[in-house]
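Chain nomenclature is as follows: A, B, C, D and E, assigned in order of appearance, with residue numbering initiated at 1 for each chain independently.
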Amino acid sequence: MTTPLLQVRGLVREFGHGPGLVRAVDDVSFDVMQGEALGLVGESGSGKSTTARCVLRLIEPTAGEVRLDGEDMLALGGPALRRLRSTAQLVFQDPYSSLNPRMTVADIIAEGIRIHRPRESSTTVKDEVVDLLELVGLRPDHLTRKPAAFSGGERQRIGIARALALKPKLLVCDEPVASLDVSIQAQILNLFADLRERLDLTLVYIAHDLSTVRHLCGRIAVMQDGKIREIGTREQIYEDPQHEYTRALMAAVPEPDPRSERAKLAARRSAQTTEAGRP
Amino acid sequence: MVAGVAASALVLGACSGGETEETADDTGGAEVTIALPEEPRTLASWNAYSNDGHPVLRNVTEALLNRDPDSNELVPELATSWEQIDDTNWQFTLREGVTFHDGTPFDAEAAATSLNFVLDPENAFPMRTFLGPDVTASAVDEFTLNVETESPDPILPTRLYFVTIPSPEQVDDPDGYETNPIGTGPYAFESWNRGQNIVLTANEDWWGAESDEAMGEQDIAQATYVFRPETEVRAGMLSSNEADLAPRITSEQCEAAPVCESTPTVETVVLRLDTPNPLLADQRVREAIALAIDKDQIMNDILGGGETVGQIVGPGAVGYADLEPYPYDPDRAAELVAEAQADGVDVTAPITVIAREGFILRASEAVQVIAAELQEIGLTGATSETQETAAFEEQWTIGYDNIPEDRAWAGLQQHGQELMDYAGSIGGYYSCDGQTSAYCAPTLEDMYAEAVTTSDDERQEALAAIAEYVYEEVPVVPIGQPNFNFGMTERLEWTPRMDGFILLKEMTVSE
Amino acid sequence: MVLRYLGKRLLHAVLVLASVLVAVWFVVNAIGDPARLILPPSASEQLYLDTRESMGLNDPILVQFWRSVSGWLTGDFGISVWQNVPALPLVLERLPATLLLTTVTLGVAVPLALALGIISALRPEGPLDRTLTTISLAGVSIADFWLGLMLILVVGVHLQLLPTSGYGGLEYAVLPATALALRPLGRLAQVSRSAMVEEMQKPYITTLRAQGMPEHTIVRKHALKNSLIPIITVGGDEIATFLNGAVVIETIFAWPGVGGLFIQAIERRDLPLVTACVFVIASMIIVVNLLIDLAYLWIDPRTALTETRRRRAPWSRAAGKNRSTSKSSQSPSTSPTTSPLAAAGGADTGGSTR
Amino acid sequence: MTTSHSSGRAPGRRLARFVWHHKLVSLSALVLVVAVGSALLVTWIAPFDPYAQDVAMRNRPPLTPNPDGGIHLLGTDPLGRDELSRVMLGGQISLTVAAASVVVSGLFGTTVGMIAGYYRNWFDDVVGRLVDLQMSVPSLLIALLVLYVLGPSFVNVVLVLAVTRWMVYARVSRGLVLALREELFVEAARSLGAPGRRIIVRHLLPNILGPILVLATLELAVMMLTEASLSFLGLGIQPPESSWGLMLAEGREYLTSAWWLVAVPGLAILLTTLSVNIIATWLRSRSSQAQFSKVTIGEGI
Amino acid sequence: MSTQARSDTSAPVEVGQAMLSVRDLTVTFPSADGPIRAVNGMSFDVRPRERLGIVGESGSGKSVTAQALLGLTPRDHTTGSIVFEGEDLLTAPQDRLRALRGWDISYVFQDPLSALDPTRTVGHQVAQPLLLRRVPKKEAHRRAVEMLGEVGIPDPARRARNYPHQFSGGMRQRVMIAMALIGQPRLVIADEPTTALDVRVQAKIIDLLYRLTDEQGVAVVFITHDLGILAGLAERVIVMYAGRVMEECSTDELYYRSIHPYTLGLLESLPRISGPVPERLLTIGGGPPAPSRLPTGCPFHPRCQYVQPECRTTPPPLERPPGGEHASACLRAAWLAERPGELR
């Protein structure tokens, strides 16, 4: 394999101070190769979102090293940082709050272009925006509408188009389907799979949900309490989880399969009874 | 802290003293309530001269002399007679058998102590405004008081009419002097609830009860003074029987009151012109202003009634000259302005017709009317303005030398001539060093310097000559003598005095 | 925890009070020359210079400032220029009257406002609600001094039902209190309406209904108590607005309170008295706010522990502190429009006068 | 199953429908249109010259005919000026003062509040202290003090009013921004590399503008009442200019003898502020941002 | 409207064995754009001791249904009948309803933080249903503590004195369950009780709910958007879409032999944690309609891959195949049933 697109070493982020100090991210290290999709799985408070934001420097890390495309993210500032931002983009969980309700779809998608190429002619910008819309499966006549006119899935597509406008190499997705209806989730997951293929994107995909990650990511890191508990290929994690926490997660995930679910329920109940039976 | 305890002890003392008197009330006598526009700043006897102090203090403390309410002549009060011994010494024969409310007997020694205290330049009580040269009082014998002035002062008795005499005990009690007045007057101080009221009760041991010279009686047993800054409220209290007397109300309110007493005053409304200003320096312009103002309208329609005058003192004063009010002649005024303009005077330069707020009732309306009248005659730069008291006062009294040339005030103000002597008014309004002067002329300075040293007829002549001189020069436009309006309830019988004093002893109550 | 919280609030109060004094000192000393103001206009130049000297006005500004500060520390605000007695006791003498007026006004306005607010909130958008809302809007729209004059004229002078002005028994307080009560009444009625409407839409109210609690018990025991938080928050702000009105109303009715005294002091440029008035009025507001802090503590147990409530001191540092930690704990909740009740409309929390 | 709503009705009928359903709001709007209209057009539509004095015609009751023709519908004032023309002129100044101070305080307060709320740094602390301080002294006291320093004039009154109310906008806009900056679209803009200024202007401002405008409407009423109080105490607008508050102050001495001098400007203030408040409250109730109604109900009025 | 005529005949379950019998339940909310039908002619039964799952996406009306079951929707906007043990809750007097609520029928809410009064102690709130029935304070408190212990809150006597904000999400949901069960109800309605929780906590809450209701013989209506949760918990499942019942059958029937295109689409589009990873997920196109803008005919027809022309005009009634228990509101149910084998 080539050199990693993203290198994270010893990343730490603390919140608060004194007795209230919380280490949301605690010495996290991982690599993401060009073209790879890495899943970052954990429950709420596991630090996965904070990790992602530290990587993009939307939150300043307390300590650690982040290298994107060979450049030290944390050493940069001002215009250089802004330029580097265009190589890594974020897709958000909540498609409702992540789009400015007062802007048109065209303005939302074009914003990145306007920031980074302020002298671009408006026709060029418009052409690019139309291309992006088509790329994510929306129609050009959507351009002049405002986000309120769209459903959750469509909004998420707008959010993706916005992230892609800067032609990033790395796309960090923070639970992009968690707020969507079940029947929409699959559409968006498919879109990600398509985009990866067509644009040679590298993905860091964050989720609390083991099943979507499994569908999309070749390699998966399991986080708990700010630490990476286990990292490995899809097969390793799902077929043969090593860490106790991973196994506990797997056991708790409900599957739409009555037989296996009933079996799991029974297993948990008997485990509980034996636990309760202990002094 | 110690002072505070002492003060409260005094208040307690006053209260307990009052109780015995309250039992006396039961024997008869009326209670009245008087609604004043403002609360006295202090009850120290020196404040008996001022607008806020006299309604209360002039009933508690008395002066050596009083004025006859009808003739306005000086008459005996605590002094039975007086004479001028030489240029600088005056002797007063004092009334016998008078005691202060605290029991201290009134004699020449007591009077000298108190007068010296009240007039001491070191104390610098504001009442000293009314006094000329420094004064020293001393006892000649038990009831003869000698008052010596540093330099000759022909009108000393007139000045002493303002100076009331507190108990000598108060000289060593600064806190008590401020809050608990002790005098010889017909009414004794009972209580002062700051912000609410002051109560006076009849003094049983008042000398005037047996003397006609006091020119009054104690028909009222207790008087309560309350403070209502809103004229409408003061007037309303008469209708609702909450107050028996409300001074300083508008003529409309007075007419609406159960009884309205309107009386001429010793005050003159004047328009003082800033003569250092290039435009107002022109005599024709000043005269034009004098002719442009419809003085009768201002006095009777706006200010609520009063005589128009041609000089800044009234007929009772020494130095009063027989001068007609400037006529209302806008056409002539316009001609004068046009003449001045032809001579190159910029008649369109700004003039500010300005007044001190709240001092003259409706001043704000009057200045607007005057400004409009000035515009009529071609002084198109005329505007009007009212200023709050302190700011106005500061600018009003900067003196001729300090008036900036670009200031063109036509200041509407009220001039009190309580001394009944023109000299003081000239010193204030026309002389180069006058505190309130905006005019300076060498001729006048000479006339004035000579006039002040004279007395009697000679003085009258000298001063009247000055009056005629300034009538031509018009540095100040006299407008009129406004009436004071007193609203009263039906049961109160009282005729206001020219000097404005509100004396309880002159009131009677019919039940 | 609770003590620590109270200690912090108390310290904050003292600091605010100190800053008020400092600010006023600088404003007041910019007004003019204190010596000029004390002396009569005719005072000689020499006397003026002597007075300046004796008042210490020739000292460096910092020395003067320090003298004032050390005075404040001992409760000495100087001698009133107007009445020639120590300023602070003069103001404190007026405090009971203002407190009485405040108590009478708010004692009537607050319960009435709560009642009106609750009645409105029970049937939002109903005819009664609309009528009451319009009335409360009229209350906040009226110029209090105008109302005061009208009351004097009609009730005092024409009908002679009540004294026109002055200070005495409760009957004297009725008219000024009425003139003053309308604005807080209107404000608080609106606030309590919207607070109640909002509270009644909260899920825990549904829980109580689902437990079989009668509606009036829900309103009385739960919704009212919890909606008190925004109500007393605004009530605290309202104290300052109330004192605005008191300044004018006390002057008109010759009510011997601090507000009227302030106007008199400022008219006479009585600097020590002005400072003392501001000090006492600011203290009143700050004490009320401390009481409100205590009320928070009583109503909402979370106050002392987290300090995350929206406080009257709007800028309290704690307000958004937990953001960074809550960020990572964002749970996959359903999106805002997925609640069918919300989508179905009728979720109106604001006041309305359609 | 769906109820279709025709939007293609004639505008006249839609207006009629609106008026029918919102009688009070429509009435208020009408009052405001009249007030603003007569204020703007006073020079042209005033029945008499509002500055023309005629002391001979002073304090005439409503409906008195003028000897030179015309009728004084609302009577005359103590200088014989037409009360109706004066009240129109007074409205011009009252409304201008109110509007100008709303604009000044709104611009300043909103800017400060947004910056404080977005950056949450030392500036936020400083502004917070200032607001705390100002909330501890009644605004009228501050206004009176400052006007004594500066002296009353149109500009100073506007400035003082703005000084006493800027923190309302600062508080509301800061509160709204604090909530908005948690919205992901702000973070999205940051991740696109948008600088703070752009985020404030392009993303935050449009989203708080609606609420701020409603707040400004509420403040208009507050400003009118405060200006009236200041003028009443003699520290606001000075004669011969006129404002409703000043007219009240001047008229109060004639309360018993010429009731219209107090009743007319008093009712003008009442009707205008009430209309403004009704419309603002209606606008607020339409605003979907619950956060906002919570914030503004606590402020204003 | 056509459903109304058929609703009685098409009732999938005999009334006799049901403890709760819902017929033609319709909840309409007024809005600026005209009335919105949140629930549209729902009919179903709940049998004693049964665990019934209701699954639906946003806007499907499942939460409104839950609230209607307790009479918490405004009565003038609710039509049909909800018969609980022979009593119609929609016509019963309010007092009677209040007596039933929290005692015979209780409710577990989605968001346990906002569903608890922030200013009362947890113990007080759990004891509330008892206090409302005049159980002495001491006794009520004792039972509340006992109940808190039973739902797995450690040191319940101390924790009873705490306030809701001092509990974690999972613990709060346990408090809600304690509150729901303290009156020993016969029916518990749980509205998305685990949605806000992490998977491990979710599993524990489900286990707890399962155990308690199983032990106490309580019937449960479990409402969720998550088909995975119901798979292990429910005995019978109702699939809702746009305020209507799409399919109703036993759990195994639904997951393995669904005869409704919507359910089928849902099941196919779910990514799973076991089995082969497909290159692409099969999807239902489009999205669920907003309650204010429902299509005519079958509400699912714009997204349905088996759509027929008549689907666009008439909403198909909920029908059971002759002799079966498996109800589906689809014209092509019979055709779908023909398809061989299990889904997986």
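As a working rule, a residue touches a chain if its C-beta (ideal position, glycine included) is under 8 Å from a C-beta of that chain, and two chains touch if they have at least 3 such contacts.
For clarity, every value in this text was computed on a predicted model and none was experimentally measured.
Minimum number of contact steps separating chain B from chain D: 1. A comparison of C-alpha centroids places C closest to the centre of the full protein. Top contact pair of chains, counted by C-beta pairs, is C-D.
For this pair, chain A with chain D, the centres built from the Cα atoms lie 48 Å apart. With centres taken as mean Cα positions, chain E sits 51 Å from chain D.
Note on chain placement: the centre of chain A and the centre of chain E lie 32 Å apart, centres being C-alpha means.
Computed centre separation for the pair chain A/chain B is 88 angstrom, with centres defined by C-alpha atoms. In chain A, the residues touching two or more other chains are 44, 93-94, 152, 208-209.
Within chain E, contacts with two or more other chains are made by residues 58, 198, 225, 292. Contact with two or more other chains is made by residues 148, 252, 255-256 of chain D. Put simply, chain C touches chain B in their complex at residues 32, 36-37, 39-43, 47, 82-85, 89-90, 93-94, 97, 149, 152-153, 156-157, 160, 163-167, 251-254, 256-257, 260-261, 264, 267-269. Chain contact summary for the complex, chain A toward chain E: residues 43-44, 151-154, 181-187, 189-190, 193, 208-212, 214-215, 234, 238, 248-262, 264-265, 268-269, 272.
If you check the complex, the residues on chain D that touch chain A are 183-185, 187-195, 198, 202-203, 206-207.
For chain D in complex with chain B, the touching residues are 51, 53, 55-56, 58-59, 78-79, 148, 151, 234-235, 238-240, 250, 252-258.
Chain contact summary for the complex, chain B toward chain C: residues 4, 39, 41-42, 44, 124, 126, 129, 178-179, 193-196, 226-230, 232-233, 236-237, 239-242, 388-390, 393-394, 396-397, 435.
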